[in-house]
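All chains are identified by letter, namely A, B, C and D, in their written order; residue positions are counted from 1 within each chain.
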Amino acid sequence: MAASCDGDRWFQLYIVERQAAWDMIRRALETGYSTLVVTVDVAVNGLRERDIRNGFGMPLRYTPRILLDGALHPHWTLNLLRHGMPQLANFVTARSRDAHSQAALLKRQMDASFDWDALRQIRDLWPRRLLVKGLLNPQDASRAIALGADGVIVSNHGGRQLDSAPSPMTVLDAMVAAAKGAPVLVDSGFRRGADVVKALAMGASAILIGRPLLYGMAAAGGDGVDAVIAILRDEVDRTLAQIGCPEIGLLSRDFIMPAAPI
Amino acid sequence: MAASCDGDRWFQLYIVERQAAWDMIRRALETGYSTLVVTVDVAVNGLRERDIRNGFGMPLRYTPRILLDGALHPHWTLNLLRHGMPQLANFVTARSRDAHSQAALLKRQMDASFDWDALRQIRDLWPRRLLVKGLLNPQDASRAIALGADGVIVSNHGGRQLDSAPSPMTVLDAMVAAAKGAPVLVDSGFRRGADVVKALAMGASAILIGRPLLYGMAAAGGDGVDAVIAILRDEVDRTLAQIGCPEIGLLSRDFIMPAAPI
Amino acid sequence: MAASCDGDRWFQLYIVERQAAWDMIRRALETGYSTLVVTVDVAVNGLRERDIRNGFGMPLRYTPRILLDGALHPHWTLNLLRHGMPQLANFVTARSRDAHSQAALLKRQMDASFDWDALRQIRDLWPRRLLVKGLLNPQDASRAIALGADGVIVSNHGGRQLDSAPSPMTVLDAMVAAAKGAPVLVDSGFRRGADVVKALAMGASAILIGRPLLYGMAAAGGDGVDAVIAILRDEVDRTLAQIGCPEIGLLSRDFIMPAAPI
Amino acid sequence: MAASCDGDRWFQLYIVERQAAWDMIRRALETGYSTLVVTVDVAVNGLRERDIRNGFGMPLRYTPRILLDGALHPHWTLNLLRHGMPQLANFVTARSRDAHSQAALLKRQMDASFDWDALRQIRDLWPRRLLVKGLLNPQDASRAIALGADGVIVSNHGGRQLDSAPSPMTVLDAMVAAAKGAPVLVDSGFRRGADVVKALAMGASAILIGRPLLYGMAAAGGDGVDAVIAILRDEVDRTLAQIGCPEIGLLSRDFIMPAAPI
């Protein structure tokens, strides 16, 4: 994968089994990835009830309900059929080629023993940029940085795993403070340019976009992804202009006004 | 009842008439219950308006509306018909066997003179574990403990009696503080594993589940109850994993993040 | 009117024209009213838009919409037809007998020059109990008491005049403090026994009920009013029992629990 | 335009291109405008998505949806057809007569280099009353006053450009404080007399009304505008009476009661 893409390549890792994980890290190193993202927010997969109720799993089963959705959104169905099911790239590479065995793999409990010591070992294995993804607690951010992480990604996994998790925006301030200057990236729920501008103004180094890109891809393939990015970029520009900020690098907390009672 | 169940047996008591109550306590003592739960939250039965409107009372009257519900949920009806109406076990034992006379009994005002002195007398009568259920006020918690109760159950009776009563979760902190180390159990409205985890993290000793178990029982008898418990247990496990807490005993306030403004 | 009723008789007064008002006060004195209530909240009648839109005024015009309401609520219509339109008793007495001329009277601007000096003059004219109704501001309460009023009625006129007016419950604390021991009555929006219990626990001397009684009257005449009162009384009793307050006179702020964040 | 109107004439200016702006200022000076309003809130036009979805742009395209609206609101359509499309007067004067080229002009990016220095130059060009419109930040208000503006207009452009912009009412207090006695006007979302009264009581010098007047005009031309103004004036009078404020000039913060928790 990495070899065929341009620019800066990131490798995202879940620790399902430690030994398999260390193997993947070494392969990522060999194939030239610049950044390793270790996600720590779903040590155990959340039970996604909607999926269960709709008969959606992996591999996809064609229940009447899903076919109906297809009928209503012909573009999506067409693309799913043409491009095949999306696959979890790493697992495909590392283990097997068909979606069925991936699902089996994911269904096994992820390694519940993942802990700070595992992070330390990863730091030893991986000399390049290391980000810890899925943190929401300032103390965890401090600790990850102290253990040698180059930055953190504040994320509640798009609210898809633990519905009681706080929204990244509500903890961003504390996370930026805890990171003491190390980069703080953030994702989950960013949908408009104004969302992006707010997070940057509060001190985030970058914002990651999840489902909007997937939706764009499902609807229109690569062109759809490009369209989503273009919309967001345009919205960011307009928002900057409207708040009177001449360039994105000048965003700061001065542009944020706390909600004030009358 | 008690003799035929395994493990730790609890006896729940309302003080409708003091003399009848003291009799029941003595019988509970003889038949080997380990714990006496004195409920103090409904000295007078709340007027349950939905029941009135739907023609639901005790004994159950078969109005068209209820039959319709039955038609829509055939399992429930089937089980109600097969197992008969749920009965208030204590009153059945102590007084009469048919639901009609129980309802008459419940309709009489409960002993409005129940007070702290009554609790003292109960403490004298009952040497084993004594819990006071239905407290929502920290001062009451302190007083119950001071009078010798072994613990309290924070409860608003599932919100079924006084709709203005505070939610147990909003007073749990203060109740735990007031109990000065004595066990604080809590119930009312716990539906998901994450609810349970939150209460434990805030210092509750245990969470009681009410209607979910009744619903399980009504829908599928004992199997339904087992299924509800299994679902909750699974949700608790997943939630623990997702917040990175390796075992339930390590839950603490550190896992609770107060809602923060941006 | 006063002569034919039992017990304590109250006289409510708007100052539309001062001279007419002074006349009414003298007549109330002669006919034996015990209490004069001067309402100060609607110096100018609010424009009631719903009335306008529905074609409802005084006298009542029978538009298709109202007849439809009648068809859906046959009891109400029946009673309105049988008992005739409710009338504003004082104006009927003082001026004219038909609803039409009353409406004309009300449409004229009320005396915009009503001020604290007018209250002083009323105090001189009226030696018996004097209450000022419609206050929502603690400073006004202090001033009314200082000018000799025997108490105040906290009211936003049931929210029917100025939709931006605060709810009496949100200012009750400050009003009770400002009244320094003088009676503070309250109305507007009290619908359930628990509402009444809350206000009493916060220090109100009495709660006035407006529309619920009118609705009872419209639906079933005097019996309807009795029914509404019986429902409220029953709810108050149950609420007292459920919060463990043995009698209404023992209500205090100890029974109020401020909404607490988790 | 200015020459044909009575009274105090205001000239509103966007800085699209500086040179064109300076030209307009000089023309406004020659034709006798008393007040120059420089709007700084939409350096770049917000993307108005509803317009896009409805097929509404400038010039207006007659899509089925709009015709349907017309069918439901025949008066509006009639007037649009009779009076033609509303035009942006300044641009018409300065550049061209047809709506099409105006739209082209507006679609070009407004001068993103507008800054405090531009305001200083405007202050030098324009000796009469100068107001800066579109400020929401107290620091900007201080700075505009310090640069010689005679006052500011707190505005979020009616919420039509940046949906994340704060409501003027939530920042009015801070803006009045920052203006240190200079006039603070306010607009956006004022719909009722009570809204106007609240802003005046909080220290605003005047309230500007946007869309309500446009709606009146679209519905009934000049008469519609008069009707909207009459409704607002009437509502202001009634609100003053209901809060017991004898005249508008006596409004003050004493009439504002902060939302209080029970």
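Keep in mind that, in the parts below, a contact is a pair of C-beta atoms (placed from the backbone, for glycine too) under 8 Å apart; a residue touches a chain by one contact, two chains touch by 3 or more.
Since we're looking at a predicted model, the values are computed, not measured.
Enquirer: Quickly list, by label, the chains bordering both subunit A and subunit D.
Expert: Expected: no chain.
Enquirer: If I average the CA coordinates per chain, which chain comes out farthest from subunit D?
Expert: B
Enquirer: With chain centres defined as C-alpha means, what is the inter-centre distance between subunit B and subunit C in Å?
Expert: Taking the average C-alpha coordinate of subunit B and of subunit C, the gap between them is 42 Å.
Enquirer: Hey, how far is the Cα centre of subunit A from the one of subunit C, in Å?
Expert: 59
Enquirer: Among the residues of subunit A, pick out those that touch two or more other chains and give their numbers.
Expert: Those would be 259.
Enquirer: Between the chains shown, work out who touches whom and classify the graph as line, ring, star, complete or other.
Expert: ring
Enquirer: Which pairs of chains touch each other in this structure?
Expert: A-B, A-D, B-C, C-D
Enquirer: In the complex, go through subunit B and note every residue touching subunit A.
Expert: Listed in rising order, the residues of subunit B that touch subunit A are 194, 198, 234-235, 237-239, 241-244, 246, 254, 257, 259-262.
Enquirer: Can you tell me which positions in subunit A touch subunit B when the two form their complex?
Expert: 40-47, 109-110, 112-113, 115, 136-137, 139-140, 161-166, 169-174, 202, 256, 258-259
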